[in-house]
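Note that the chains take the letters A, B and C in the order they are written out, and that residue 1 is the start of every chain.
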Amino acid sequence: MDGLLRRVGLEMIWQEAKIGRVLVCRMDFESDLLSSLEEFAREQKVDAAFFIALGAVKKAAFAYYEQAAKKYVEEVVEEPMELLSCIGNIATLDGKVVVHAHAVFSDRLGRLKGGHLLKGTTVFAGEVLIVELSGVELARAYDSVTGLNLYTPTPKP
Amino acid sequence: MDGLLRRVGLEMIWQEAKIGRVLVCRMDFESDLLSSLEEFAREQKVDAAFFIALGAVKKAAFAYYEQAAKKYVEEVVEEPMELLSCIGNIATLDGKVVVHAHAVFSDRLGRLKGGHLLKGTTVFAGEVLIVELSGVELARAYDSVTGLNLYTPTPKP
Amino acid sequence: MDGLLRRVGLEMIWQEAKIGRVLVCRMDFESDLLSSLEEFAREQKVDAAFFIALGAVKKAAFAYYEQAAKKYVEEVVEEPMELLSCIGNIATLDGKVVVHAHAVFSDRLGRLKGGHLLKGTTVFAGEVLIVELSGVELARAYDSVTGLNLYTPTPKP
């Protein structure tokens, strides 16, 4: 549908990994949620990992991906919110470490919001567990079907 | 309440496990989120695991469990959505590998939805980390108090 | 902003840990989600861990943190809901094991709610994976900037 021609069925690309370093983090007040994690990963040379996080933010920036138009629609919420859930991973794009995460927030009136996490989300408090994966490379590359930079898990010696 | 008579307090059924295989997956465009994971787990003989996932879907099928009536109320949302969170596990039911997962989605207008994941949720993009558990068996069986097929973690030699 | 003077930029406090015990749990019908996990952690002497959970609750109690006023606003929802996501950790406060978790719920009408999990959330069914962290201490202490008891990850011999 929507002119998308490829249909590969139930095949899945996967790779077995080992657990590398396990990193417990407390994020800094007023740091940028996405940028700090990315900077930290680059500094610590973590190039393949998954993480979970919870906390609170002073403002949030996130996006919804318009699949047909292949573009992100961005939203910024300029108010304090709880960070109810943040699930993400660390991979590479053109050899550079990049963080991809989706977040769920709750505002003062109990309304839930969220999306693809963008830079511009300011940490009030943040608790993160990063599980590094060794033996696997997660290189992202442009995928013309989705318009996204998808990773392909491959073995890493 | 609601005629539920058993009250076992703060007892919890638990089992210590070891981490088995760690599997990093990229799901296929237009595959079925639940079925693909289940098929993959069966093929790879993963019968005890927890996983986390993020991504986007072309449509979503999920359910709310009516606890008093002991039945699922299903909902299908026929539009592209972000997959903000998916937490689930892999266990067995009558010796067959089954996937149980709950998902949170966000639609074009920023409304969040979600529930007990059903077959019929079509992947646009999906990134999954599966952590296999060894030394434990997660056999599901019908529980008359809740009407659900609950697992009981038991040692596995 | 809001009289908050400290700004420490992109520094992050972190510590490398090892994975300790991996505990798969099935929570008891009508147990208290937060209290049961806390009691279990105390009994099993788990004082540093992260966990993920899914399930359903008979009622939920959670809070939104008013960052400017530095106080929690509590909400209780007296109806059955799906537990779509629960991400949390186990740390210590004044030497006592404490559980911190954020949860996302979905009610009968498909409305999502959630927040900082409080005692008073009654389990209908709950499946939890606890990953203990060894080699790290997660002692919480009052942080005057946020008004929260934040953990500082430090090495543990």
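The rule is short, and it goes like this: a contact is a pair of C-beta atoms (placed from the backbone, for glycine too) under 8 Å apart; a residue touches a chain by one contact, two chains touch by 3 or more.
Because the structure is a prediction, the values reported are computed rather than measured.
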- [ ] For copies chain A and chain B, work out whether under half or over half of the interface numbers are shared, and give different or same accordingly.
- [x] different
Task: Superposing rotation of chain A relative to chain C, computed on C-alpha atoms, to nearest 5° - done: 120
Open item on the list: Centroid of chain A to centroid of chain B, CA atoms only: how many Å?
Closed with: 21
Task: Multi-chain contact residues (two or more partners), chain C - done: 19, 52, 85, 104, 112
Task: Complex contacts: residues of chain C adjacent to chain A - done: 1, 4, 6-19, 48, 50, 52, 64-68, 73, 75, 85, 87-89, 100-104, 112-116, 131, 133, 136, 138, 143, 145-146, 148, 150-153
Open item on the list: List the residues on chain C that touch chain B in their complex, please.
Closed with: 19, 21-32, 35-36, 39-40, 52-54, 56, 58, 80, 82-86, 104, 106-108, 110, 112, 124-125, 127, 129
